[in-house]
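Here the structure comes first, spelled out in structure tokens, and everything after it is commentary.
All chains are identified by letter, namely A, B, C, D and E, in their written order; residue positions are counted from 1 within each chain.
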Amino acid sequence: MGLTLHHFLILSAILFSIGLVGALTRRHIIIMLICLEIMLNSANLNLIAFWHFSPNPLPLHGPLFTLFAIAIAATEAALGLALVLAIFRHYKTIDPESIQDLKE
Amino acid sequence: MNNFFDLKLVELGRWIEAFFADFPSLKLVVHLLLCTLPLALSFMGAFAFTTWLERKGLARIQNRPGPNRVGIFGLLQPIADGIKMLIKEDIVPERSDKLFHFLAPIMLMIPALIGVGFLPLGDGLHALPLDSAIIFFFAISSLNTIAVFMAGWSSRNKYSLLGGMRAVAQMISYEIPLVLSAVAVIMIAGSLNAQEVVASQQISSWVGSGNILQEFFGRILGWNVFKPWGFAGFIFFFVAALAEANRSPFDLPEADSEIIAGHLTEYSGFKYAIFFMGEYISAFAIAGIGVTLFLGGWNGPVFSGLPWFVLKLFSLFAVMIWIRGTLPRLRVDQLMGYAWKFLFPLAILNIFLAGFYHFIERQWGTAIAMLAGWILGFGALQLAATALSRLNQSPIMRSKRVYQLVE
Amino acid sequence: MSPVQTMPPRGYHLSKDELGADILEVAMGPHHPSTHGVFRMDLKLDGETVVDLKPVFGYLHRNHEKIAEDISYPMSMPFTDRLDYLCGMTNNWAYALSAEKLIEIEVPERAEYLRVIVGELTRLVNHCLLIGFFINDLGALGTPLLYALREREKILDLFEVLSGARMMVNYIRFGGVRCDLPEGWLGECQRIVDAFPAFLDEYETLLTENEIIIARAQNVGVVTREEAIDFSLTGPMLRASGVNYDIRKVDRYGIYDRFDFKIPIGGHGDCYDRFMVRMLEMRESVKILKQAIRDLPDGNIMGKAPKIFRPAPGEAYGRIEAPKGELGFYLISDGTPIPYRFKVRPPSFVNLTALRHMCLGHKVADAVIILGSIDIVLGEVDR
Amino acid sequence: MNIAFYLLALVAVLGAGLAITLRNVVHAVFSVLLFFSALAGLFLLMLAEFIAAVQVLVYIGSVGILMLFAIMLTTNVMGDPNRPVRSRGWVWGGLAVIALLAGVLLPLISRTGGQTPTPLSDFNPSVKQLGMVLMDPYFASVGVIALLLTAGLIGAVVAATGASEADQKKTVPANRPNYPNT
Amino acid sequence: MSLLAKGILKGMAVTAKNFFQSYYRKERLPTVQYPEEKSTITPFTRNFPFLLYDGDDAVDGMRCTACTLCERACPPQCIYIIKDKDEKGKPILRPRIFDIDTSVCMSCQLCVEVCPYEAIRMDSAFELSNENRFEGLLINRGDLLKSNDYYHALNPVEARETDDRIAAKNALAEAKKKARQKKTRLAAAKAKRPPSRLKKSPPAREKPPQPEKSE
């Protein structure tokens, strides 16, 4: 029973939901960023799965877009952490619940 | 006579696998074992030999005989060290993070051994025949940064914390010049596959022709190191490789004069030996990639193949030992400044230089390209280097100090 | 504010202060590989830069001065070897000089020449050893140090043949020296002194233009002229900051006025200058040695010293240009053969007081080489 | 082939699950690294070699370490024991996600046909082809990505250090008599 | 040409030179393999004192007369002397007990300089490690005593000088004794005969020779 597309789709769905649960429930900003990365990665997995099982994978569109996706995700992670540093320096805490006041 | 040695080895492999022809899954397992086991064992043997070589070499540089008590020329010294490490009590600090304290040495060994798998030892002799071998090598070698951090953080000791942070910062900032100087070679060789990169370093027209002289030099003059951008690239690559493997002028993390043993302070017994081995084998791996990219891999005049690769590998390692015996250590911020503000721009300039060389060669042939490359290319690099060091007020630019002798 | 809720590594007090930065307190402990002997620096680090430094020493205190108040003058001569155990001869000479000021003893010519030869040989030993340790702190894994030790062995063999011991020489007496040169010693000494400049050239090519040493040592631990004088630094530390003060030229003690030699003066007062000043001083010492060996007279080696050394009540302060700086002995006698007060003014103790001023604002790695460039020997610092 | 897939899938789920449940943030980051490497393995399984290499290089090599650096700079590592690990309404969050998973994703997946994989023998994408494709039809997008990366780089540097001008002005205290001598 | 760091390359050339020369130049490899080959100990090396005796019998040929000058002159006070008495209780000029605690002695050779009878000299044997810390390192009189020819073998130059000095001192003492005897004989003779003019001038009163500082 060879591998079919379903296996990969179910796996990436599970991973995506784990990421979402983590993002919603954890109180630590960095853990939220980590969960964001998990969600992005499961999306990449999906992309490659569809490309692998597509009728003619020759034009390599799948890996191409995953490359762009990874690049964007990396930049996003870098910026996210830079913002986390700025927040920590200002609020002295990284518990999202205590960062409520919008005014400076 | 060329790559006679490698073909024989490949045949031997086929011959052994032939025994298991009728059980395909077992054949696959044997094939995997044949690819990885001899490689791992030979590099661990090479590690034992290099510890002896290093101690003898350093000793002779410092005018002392070096280990000569165990075995004839002290050759059994590595074994003695190994046993000593096994017997030594393995102390785990009480407040340390037990799991990661244990995992760190293993995390360091994994990238070291996988990295060694990518090296093209001979003509068809490679453990992991990946199409994108070089990129995968750099990806895997970025893993030992994590192992070093894990060691530093988990032993809960302020010296190892300092050492861990320094090591991570150093490895990251030297990964970029390392990769960039390799990019120049990959661009010219036209492929990421290690075997093709090595194949591109022969002057194919000469090698095919019958006469002995051209045959002899064909396999040497093709090396990238003799090209202008190749030579400059090799210098940047070698300096970055020294930093990546925490070798001499950049051995900040274990700077024993400042923070005792850096991230290795809390390790003793066999875990320390594994760390030691991991570091040496990753130094071998990076030196191996250096040989593949710049020194023409297994290309050599008479019997090109595995012997040449091993010879070049050990000569590169001997240069590392020689540097370790001579140069003092750089300070952390100088180290960072040197990577970002000096090596990084020069490596990018080197890529332009390579491209420039490539088109001239296609246009007017190698002779003119060589000429232009060496004079113009090197001149440009030299100009950029002096401009950069003046920009960073680097000490090299300062005038030599004169001291008056007063009555 | 209570220390932050983190699992700090052992002994790591994360005291927050108004800077908001985490001040890491590191005790570069008594048994640290690069503190020359048992010496501790309590560093407060902000990241890598040194914010505060408190030198702590006294681990090697052997009560030298109190013991000297129970034994007679000549009996405490062997103890002076143990002060700065790298240069025993110059310690003896300083003590003999100050004792000779208590009782006027006329030192014969040959003894004076012998003292100069032996003193300058010790200066060679000390300076090349220091440069070895200094480069070793920079991280050069012992190569320059072992070259220095190789040269030092030759000179220590000379001392062993002359005085019977390599480092605990106990050779100089009040009014002269203990024993004359065994035959063949002078020839051997001449051979070593002639071979020394060749070693110095090799050492210089290895070290002075080395870009890494230039980068690491220049503009590190700078002491200006006025600060050097305020901290009352002496010896190569002072001359590296540009002050022309060498006791051999100022006091003209012994027979130093007969030799012509120069004093190297540094311009910037940083670690690199101290290293270079010592390198040039070694060349000057070789010049002095050549002249001293050339015109070494014959004759008696011991002046008319009284059998029991009982000086008249009074005090005397004798000082010499020891390799590390101004080494002085301050003796108060109350007429009995036992000194009333025996005070040593060690150069490295005084030079060490400037350590904190030099290290503030530098990195941890710099603090180590600044300590190395001061050239301290704990036997002398703690007495 | 199947065993490899199931093994890697298990490791991936384990890594992700641990990442969101562990109290110690450093342990969470290490488990995420495990997750990323499992994913790289899956990419290799699907013959996307270059993507696996880039995944290892980018995620494990740099984003992982970026996280570790961020943790080192924001000292709250263990998470306050007295503060709950999960935000207040964590129960509802979990239920909402499960509902989303069951209600939306699984039916969507079931509708897609379970195509069998294309024959593997002749299909061996080399990096050169990827390079060619990157260059001619998608050259513009590579340029845009390059711009985005540089902008992100500069932005991150400004955001991380810019907000701390207060620190730049801090001068090294020459003598601090009132220094708390702990 | 700052690209190729000249200073570093010159430094590496020096280490390379040392590396290769250490194979064929003796001067570049001074290491002595200690247990097999011992580095030559010069006769002048001083480690721990030993007592000298003339002739063959150790005890009565001993030069030391237990004058305890060395005991008082020793800075770390590591010499312990008790005078000897013969059976009738009359003190004889010889130490019954003469111990040196080698764990305390710092081999400074002050005792040798102070000793008026050239009785104590410094030995150059340095392998004195011992399993018993107290009795082992406390060397008593028996082990300390060594014959004069051992001293000649140890340090011929110094031994000859010491012997000449002792011979000179004995000759001087002889001459003084003879002079004193002649004076007493003359005085006795004078007491019997009427006083006649004494022509002879008294022998020049010399101070006993200063124990030579120069050895």
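Assume contacts are C-beta pairs under 8 Å (C-beta built on N, C-alpha and C of every residue); 3 or more make two chains touch, one makes a residue touch a chain.
Here the structure is a predicted model, which is why all the values come from computation and not from measurement.
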Centroid comparison with subunit E (C-alpha atoms), farthest chain: A
By number of C-beta contact pairs, the top two chains: A-D
Cα-centroid distance, subunit B relative to subunit D, in whole angstrom: 28
Whole-Å gap between the CA centroids of subunit C and subunit D: 58
Whole-Å gap between the CA centroids of subunit A and subunit E: 87
Centroid spacing, where centroids are CA-atom means, of subunit C and subunit E in whole angstrom: 32
Where subunit E touches two or more other chains, by residue: 5, 8, 11, 14-15, 18, 30
Touching two or more other chains - residue numbers and ranges from subunit D: 50, 54, 62, 69, 76, 80
Multi-partner residues of subunit C (each touching 2 or more other chains): 7, 143, 147, 150, 206, 209-212, 214
Complex interface listing, subunit E residues touching subunit B: 1-5, 8, 11-12, 14-16, 18-19, 22-23, 28-31, 33
Residue ranges of subunit D in contact with subunit A within the complex: 1-2, 5, 9, 12-13, 16-17, 19-20, 25, 28-29, 32, 35-36, 39, 42-43, 46-48, 50-51, 54-55, 58-59, 62-63, 66-67, 69-71, 73-74, 76, 79-80, 83-88, 90, 93-94, 96-98, 100-101, 105-106, 109, 112-118, 123, 125, 129-130, 133-134, 138, 141, 145, 148-149, 152-153, 155-160, 162-164
Complex contact set, residues of subunit D against subunit B: 26-27, 30, 33, 49-50, 52-54, 56-57, 60-62, 64-65, 68-69, 72, 124, 126-128
Partner subunit E, residues of subunit C touching it in the complex: 71, 74-79, 143, 147, 150, 153, 157, 160-165, 168, 170, 173, 176, 178-180, 182, 202, 205-212, 214, 301-302, 305, 307
Footprint of subunit C on subunit E - complex, ascending: 5-8, 10-11, 13-15, 17-18, 30, 42, 44-46, 73-75, 106-110, 113, 122, 157, 210, 213-215
